[in-house]
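In this document, chain identifiers A, B, C and D correspond to the written order of the chains, with residue numbering beginning at 1 in each.
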Amino acid sequence: MNSYGTLFRISTFGESHGPAIGVIIDGCPAGLTIDLNFIQSELDRRKPGQSKITTQRKEDDSFKILSGVFEGKSTGTPIAITIENQDQRSKDYSHIQNTFRPSHADYTYESKYGVRDYRGGGRSSARETAARVAAGAIAKLLLKQVGIEINAYVSQVGELKAPHYTQLDLNKTEDNIIRCPDVSIAEKMISLIDQVRLARDTIGGVVTCVIKNTPVGLGEPVFDKLHAEIGKAMLSINAVKGFEYGSGFDGITLRGSQHNDEFYNDGNKIRTKTNFSGGIQGGISNGEDIYFNVAFKPVATIMKDQPSVDKDGNETIVSGKGRHDPCVVPRAVPIVEAMAALVIADFLLRSKSSKI
Amino acid sequence: MNSYGTLFRISTFGESHGPAIGVIIDGCPAGLTIDLNFIQSELDRRKPGQSKITTQRKEDDSFKILSGVFEGKSTGTPIAITIENQDQRSKDYSHIQNTFRPSHADYTYESKYGVRDYRGGGRSSARETAARVAAGAIAKLLLKQVGIEINAYVSQVGELKAPHYTQLDLNKTEDNIIRCPDVSIAEKMISLIDQVRLARDTIGGVVTCVIKNTPVGLGEPVFDKLHAEIGKAMLSINAVKGFEYGSGFDGITLRGSQHNDEFYNDGNKIRTKTNFSGGIQGGISNGEDIYFNVAFKPVATIMKDQPSVDKDGNETIVSGKGRHDPCVVPRAVPIVEAMAALVIADFLLRSKSSKI
Amino acid sequence: MNSYGTLFRISTFGESHGPAIGVIIDGCPAGLTIDLNFIQSELDRRKPGQSKITTQRKEDDSFKILSGVFEGKSTGTPIAITIENQDQRSKDYSHIQNTFRPSHADYTYESKYGVRDYRGGGRSSARETAARVAAGAIAKLLLKQVGIEINAYVSQVGELKAPHYTQLDLNKTEDNIIRCPDVSIAEKMISLIDQVRLARDTIGGVVTCVIKNTPVGLGEPVFDKLHAEIGKAMLSINAVKGFEYGSGFDGITLRGSQHNDEFYNDGNKIRTKTNFSGGIQGGISNGEDIYFNVAFKPVATIMKDQPSVDKDGNETIVSGKGRHDPCVVPRAVPIVEAMAALVIADFLLRSKSSKI
Amino acid sequence: MNSYGTLFRISTFGESHGPAIGVIIDGCPAGLTIDLNFIQSELDRRKPGQSKITTQRKEDDSFKILSGVFEGKSTGTPIAITIENQDQRSKDYSHIQNTFRPSHADYTYESKYGVRDYRGGGRSSARETAARVAAGAIAKLLLKQVGIEINAYVSQVGELKAPHYTQLDLNKTEDNIIRCPDVSIAEKMISLIDQVRLARDTIGGVVTCVIKNTPVGLGEPVFDKLHAEIGKAMLSINAVKGFEYGSGFDGITLRGSQHNDEFYNDGNKIRTKTNFSGGIQGGISNGEDIYFNVAFKPVATIMKDQPSVDKDGNETIVSGKGRHDPCVVPRAVPIVEAMAALVIADFLLRSKSSKI
């Protein structure tokens, strides 16, 4: 339902136009220093209104911790975080109250639940991901303790693709508003999005994520394989249509003799020469870089009139209004990182009982 | 761990060379007629030795039901199924006992658990999927009661692709040994695999799955979105590297105005004109066809010598022996269907409490 | 951890002296009318300062709903409720900061987590049960829809016992401050507690709970038997030391021929003549009244000096301060009802998939 | 449902007269030496036909391990164990097929599931507990590694009570057929049961369990308190009607000043002078002995005719037949220990992530 994780477990709540959204993190080990500035900085990477290629809607996304932290440290009890909604004033929603916006969740929520909060997407709004980012920030603090680093970036917008991650300097991701570490591709992506925005349209893209310094042994076969859980976590993000790790869909056309990752001994530990496996073998991390791609569809809200139907099945027109993202990927980068951090933190705790 | 599902829940066990593998299905509603022939026919679709393009290893994969079925019907108590391993005779495994086969799970299992059943892959062997197929057969029997149909087929081998599913007759899937409903592509695929096999190599492919007649309302936001759970289920199958649904990775290059699925009223119910959404909106089924692609890497076991290391970190050679699949996709078709059936059955039960 | 339930699931958070406590209810079916006054009235039954035999500490326990309710009805999304702590002003806690109060959770929390919120019990405070009562109120609203009634009352204080529930009018429970429907016993209980309070001591008691109109079929063998889950829920309440249902510990001395509940047909349905089974057979409700007893120990906080040790293992004295309950049972009545309602609501939803 | 535990998790299956019963243990750490003789000896303590005061039915209860153990050690993968039913030959069950035996689960299973395996109790038979004992034996092997000891014994039959456990030598439990370490009470219990048996009746009793050497810190507040989970585990055993730990129901009549357990420093560690807390404070073990009582009702199957109704609601007579236990407690001792071991093993693994 609205919870994720086995030992490091989050439960999120909240609608886009209710009083607040939030999250409970249950299972965070005690004694972790909770860096409030870091949590805020992660939320800021996701918040609307950051740049000309994101929605111009302004929200501060400042958070409150209600429990689970005492004198700056986690206590082992549930950490509850709330983020108030500033946009919740009573606007006029009558134009969308009974209408199903194309490729949104309006129709399915209405059918499944019989009632729905029709103001701005309600629970199905991507606003919900702010809670994930706050929780993910705490997971990242835990992972830092053991040296694990998670870096996502925009690797594709429309047809424009960045080179493979091994050819990029991932420290440059935050240097530009599209969050692509290749400067020249970044510029092209930005101008493409700008163009799409002016055409009152939207476009899709890919976020690539790289996890470094994972210990060998994370992942729980056979159903909770590491990549299966990462995949689920990514696919649970709004607008995601696909997931691949390591060689992914491109691996299909290779021969086994090309695709197999040869083991060698680097003097200190066992490594692989290539990494088509994406750092995971048999569902368990092997210590190499974990990397994966997440495909995002073009945002469904466009600034154009679109034919649709209303609750009674009558034909109607949905007109594009408001302030929306022409492309979701720059703001999706911290969300992908947050979900990755939550998965890895959970498996790190789960791995503690593999052996006697 | 080794369980999947919330209300319709399976737990599998067993190693490839232990006495038996098996599964417990907990939560199957009482009163379902259990068609033993159907379960066997599903297992037969997965079993080795079916055709010249699968491994020539022979296993009957006949099953026993130990509990949960009485006078031909499910009783609501756990249904335990075992499948004996016929290949468990004591062979000489000394050549692989201490060696890590490239792109297998040998190294990660050894590191995670400190001990491992080194005979033929042990728990990480794809043999484990036979238990999934048996359980999936029971899920299919449940879904048939409400008219839901699940059809998977091979849509790609190497570079060879079948047309979009809407242009295929899915009743023809079982007409050929590759399980591709397009006869002429099927022939090309078969001869490609044969060629790869003669080269003592392996190749990857894609299985596409289509689910028809799903009721509106399956899926539980925000983490257990329908496609997120399907994705996890598929990624948990051995050798899977990627998952996409609806427009998938191709949706990236479309504009929102092209990608949005326009609603209309067909007289009886609300439908969409296109189906880039893949039958799922906001994580909940909308009644249109659900369709998705699952990417399989080339099988790691090849009939060639490969350099590797042993447990002590010394260089060694892994030599290809035995009878293995040159391409996993024809046998993966029933596995993909089984996992899809298990996910849908679970959400069908979970959906019963959406509304008062 | 801090969550309870499978389909109707709550997650609580909060420390007694942090900013707020609260709860997320996930899985409440959509369309339920949420009666805010009823929730408040339930919280009022639990709140401190109600009468001379409860703590004189004043807290309003007014709540806010942050999500999951729209236009007065549940939407099927998580219902988040917060209750601010009014007592969180910075008092001087230095006297208990390093001291372990006898029969409290100070020592075990410190040992388990290495850090603890030492202000007034932190997470281990019974204040946490306010969140359960708020969630339980919503469960009760759901149960009312199907006619299920839950009534708890004080059946014992020290040696003073009320008669069996079948000889009581459970509508009279709220007529007195001890919440015992037998007026004359109630008066004796009140004066006993008053006496204990004046002696700066505390005393234990029993809360009995009766659930009427449960449908046949609630409970999920073999581990989630209805009484096993009720038992766990009750034992999870602070200060509870024992649980028994139906004949309970007294059943030990009966013969099978006396204890068996004879079936008969009352013309409309199958009933039992006696009800030693407590409305549950084989872990499943049989439609008769479910009844059980919950034993509460004397409150650990007493107004006397007690020898103890501090964090460093040095001898010290814990002196009784503050405003505490001399007997917990009158305020425990709504907590027992709340937990019972949460269990029954969960099994009601779970029972929907027993049969095809 | 039919699973218990979070990290050390068991799933049981099987009906009394089906081909086999069994259990999967998922989450047992790798590297544990699996002592097959010990597992058998535990099963032998539970098996029928041990002595004149248990049922004379003969079953060997020999087990097979199908997976998860390799070269004598656990591998971290699921351990599947089956126990064949020897009594499954086709007898004539027509006399009970349509009849509801008093205080059995016949009526509730029939109502809940619409179908039931009517042969000898099916899934609701206490035969299911053999699977728990096999799994519990493996949990005990794990606990032995860290020095934890679990000892249960019969402390009451009818009105006959043994002294408090602190006055008994728990090594003497297996010295007599009733499993009570006080020889003179044991003799009285045995002759009472014999008397009851000759009267074709049954009687109830209490099993007390003591867990020694538990580390401080087991238990997960607030819902998964250590005693709440132990309570649930005990209440899930057939015929159990009550559970109390530490002072239990007797604690009700004490004053707080009598009941509080004073802390002291024994030179090495912090201890309590008394142990009314039963080794658990705030739901977390404090290192003192954990002890608790489990109340068993008189067995429902008696050798007398009893009036009842059949499926159609018609009056009928249930006549006592077969070979049944006049008192369940001697055979319940290993079951109580097994469930206690499973709970403690699970919390031992869960406790590994309390702190960073």
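In the analysis below, a contact is a pair of C-beta atoms (placed from the backbone, for glycine too) under 8 Å apart; a residue touches a chain by one contact, two chains touch by 3 or more.
Note that the structure is predicted; figures quoted are calculated from it, not measured.
Annotation: the B-C interface is duplicated by A-D among the options A-B, A-D or B-D, judged by over half of the residue-numbered contact pairs being identical.
Ranked by separation of Cα centres from chain A, the top chain is D. Work out the mean CA point of chain A and of chain C, and you get 39 Å between them. Inter-chain centre distance (chain C to chain D, centres taken as mean C-alpha positions): 26 Å. For this pair, chain A with chain D, the centres built from the Cα atoms lie 46 Å apart.
In chain D, the residues that reach two or more other chains under the touch definition are 1-3, 12, 27, 30-31, 76-77, 112-114, 123, 221, 354-355. Chain contact summary for the complex, chain B toward chain D: residues 1-3, 9, 11-15, 18-22, 24, 26-27, 30-31, 64-68, 70-71, 73-80, 82, 112-117, 122-123.
By the touch criterion given at the top, residues 1-4, 12, 100, 102-105, 107-109, 111-114, 123-124, 128, 156, 158-159, 196, 199, 201-206, 216-217, 219-225, 227-229, 231-233, 235-236, 241-249, 251-265, 270, 272, 276-278, 280-286, 295-302, 304, 306-309, 313-315, 351, 354-355 of chain A touch chain B in their complex. The part of chain A that touches chain D in the complex is made up of residues 6-7, 27, 29-32, 76-77, 142, 145, 221, 349-350, 352-356.
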